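Here it is: the structure, laid out below.
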């Protein structure tokens, strides 16, 4: 087992009949920003709270920097945390909020002043030290939260959907700020969100969770380009799924019959002829051609059912046969009208063994 | 010294579950104990000296209260006064409640605060004036007099409850009834009345309870013919026979507890906080 | 005439509806209060004339001063003890411990009970033959005689607490429940022990709630009548003193009683105003605490 800065070892937490975390094992490396991504109820928040100590897992161990903290109370774990609803102390000024972790540790006043000043400089809020949370905007409040979390230079920074309460534009700006600060300080960070764009933009690695289990852990590219399961493929980016069965396997390639379509794809280990599989292709990878061309692989005839103009892209729904629908997104330069007969080229098709 | 204290407190803090339950249980005991003592005293015979419970049970004291203590008469007085007070308060409440709940009034909030003023200050303050007026008008020792004094206590709540009830009457329901073909009279009997009845009943129950328990104003306006239960119980305290006083106290509290139990099933307990205040 | 009616009909109807209430209010409250004010300036037993004698006699008399002091001390003592009881109680009750609904109901019981009954029960419980003294005599080694609680000032304070602490407890509890739990979590993650979270975060934020409830407790204790009447013994706070003035002497001292009632009213209003200012000053910081 690799030794990371943060280690989850077989962490399990149950609530009655519901398993929020199912033998979760995850290792976060030093200095990396790992995002736990998943739909509501997947267990990412539970995992975060097991790490903070607010929740005690039913089984498993949690390690921070090699030290087993599973039985350690929250206030002794030396973490920094940024909250979704900011959780600033309303009765304290910005300065006092940020100074709080130092005040609690009885840090000497001079040191306190220096560190708080630095933290506020880091988030560009030096001029606001006397303000109160209610006088600040959402973005400013979150920056105060970030300063407070980092003021005593913890080894680990936790972020619990920190941008969900901000509007879209602010979210994008704050994303960069957070990433910048974390990278500059070299802090190990665990980020929890349900927003996949955020996860892909920010993270060094992403851990996708579903129903208490890890579906896949990898870099944003790996997750997007090579989704390990149907769930991940569906959760990240747009997707098309086709069901079919393997016809022939020829070395590194195989042919899958999906209704009347014969699709060429990479061979799937363990899938022999007759095996039911699910094919997956992203809408923005499919090319629409007006005419068939000889020698092109995976070129199928289709008819445009619906064409939606989205400004910079066109979103098409096309049928290739009864019950065979594909969604395609292309740039808006080539328009195809509803009812038009076109040809679709599927350049890269991935597959998994179908369940059930 | 401080370290010892800190260690002790930390010990308590760690065992805080035990400490918490101990505090809660002893707290509950202290709340319930007075009632238990009244109850036990009212049925205890030969309870002298260092005994936790009465050695024998008896209904003698209740019998005494009824036969010698004149409880039936007192009960009759209390009920008659209560009925009059409720009637007057409810009439006031219906009219004023309708005005507050459904009509425009400039400075409504201030007016409402003024209406509630008699409940904000200790009753003894204005009971003095009421007593003086009643002496002049010869209303002392009359059912009407005492009942009117009670109205100052009951009416504010009646107005409050009924104002809320009437405010909640949705015009559109009436309109729908009209569209369905009901004329004014039918609308009143089939729609308005059923909708406001719970509010009116609640206001009447509250008013009656306040009048039933009312002590201070009664004390200043009563006479030999208009002794109510609270006053009678007070006079019994002066006599010094705890057993009899306890019996009267039980008789006095029983109906309130019954009403409380009835209301409990329908309304949230905390809502009553605004409706009841110690005499 | 009809145009006047048409123009003002709504207003007139409203006025008509309010008439019974206004009549009741004037006749049963406002006019009596006015009468009390007038009487307080009238020489005792007379029907005409103005004097400040009634006030002077009471305020200069050491007995009168003692009555005022006693009323304040009892009320302040009761309020302080109520706060000391309510805060830990609320802190315990906000976690949904087993049976917490029962305990919350217990908190509300004193509110529903007429003061007279409560006082009676308390007299019995804390009396020389009551369970409190029985417990002391049987289980506590150095107690050989019953401890006097009934008819003592400290006993009266206990009684006040029993009857009036719910006002403080209810507001404290709701202030606690209005707190954003995330704030306490933030404190813990930042390194604060549970005690530090309580001291630096929770208590400052619920102080306005505590104070708001304690005002009600204070007002109730200050104006208490039936309780000290039967349980105060020789200790007479203002309300009881007023009653004594019209029930003991013959003919009754209406003017003296009225003057005392006025003094009581003024003191209450003054104290309320001061309290309100204190609350307002402390309430500003916690504006953002509610979820």
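To keep things simple, chains are lettered A, B and C as they appear, and every chain counts its residues starting from 1.
One rule holds for everything that comes next: a residue touches a chain if its C-beta (ideal position, glycine included) is under 8 Å from a C-beta of that chain, and two chains touch if they have at least 3 such contacts.
Owing to the predicted nature of the structure, the values given are computational and were not obtained by experimental measurement.
In this assembly, A is the chain whose CA centroid lies farthest from the centroid of subunit C.
Compare each chain's C-alpha centroid with the centroid of every protein C-alpha atom shown, and the nearest one belongs to C.
For this pair, subunit A with subunit C, the centres built from the Cα atoms lie 57 Å apart.
Subunit B and subunit C have Cα centroids separated by 17 Å.
Subunit A and subunit B, compared by their mean Cα positions, are separated by 60 Å. Among the residues of subunit C, those touching two or more other chains are numbered 194.
For subunit B, the set of residues that touch two or more other chains is empty. Those residues of subunit B that touch subunit C in the shared complex are 13, 20-21, 23-24, 27-28, 30-35, 37-38, 41, 47-52, 88, 91-93, 95-96, 98-99, 103-105, 114-115, 117-118, 120-133, 148-149, 151-152, 155, 159, 213, 215-216, 219-220, 230, 233-234, 237, 242, 245-246, 249, 252-253, 256, 260, 269-270, 272-273, 276-279. Considering their complex, residues 10, 13-14, 17-21, 24-25, 27-29, 31-36, 39, 85, 88-89, 92-93, 97, 102-118, 120-122, 124-125, 129-131, 134, 137-138, 162-164, 166, 170, 194-195, 219-220, 222-227, 229-230, 239, 242-243, 246, 254, 257-258, 261, 264-265, 268 of subunit C touch subunit B.
Note for the complex: subunit C touches subunit A at residues 180, 182-183, 185-194, 196, 200-201, 204-205, 285-289.
By the touch criterion stated above, subunit A contacts subunit C in their complex at residues 52-54, 73-81, 83-85, 87-91, 100-101, 103-105, 132-134, 145, 148-149, 152, 158.
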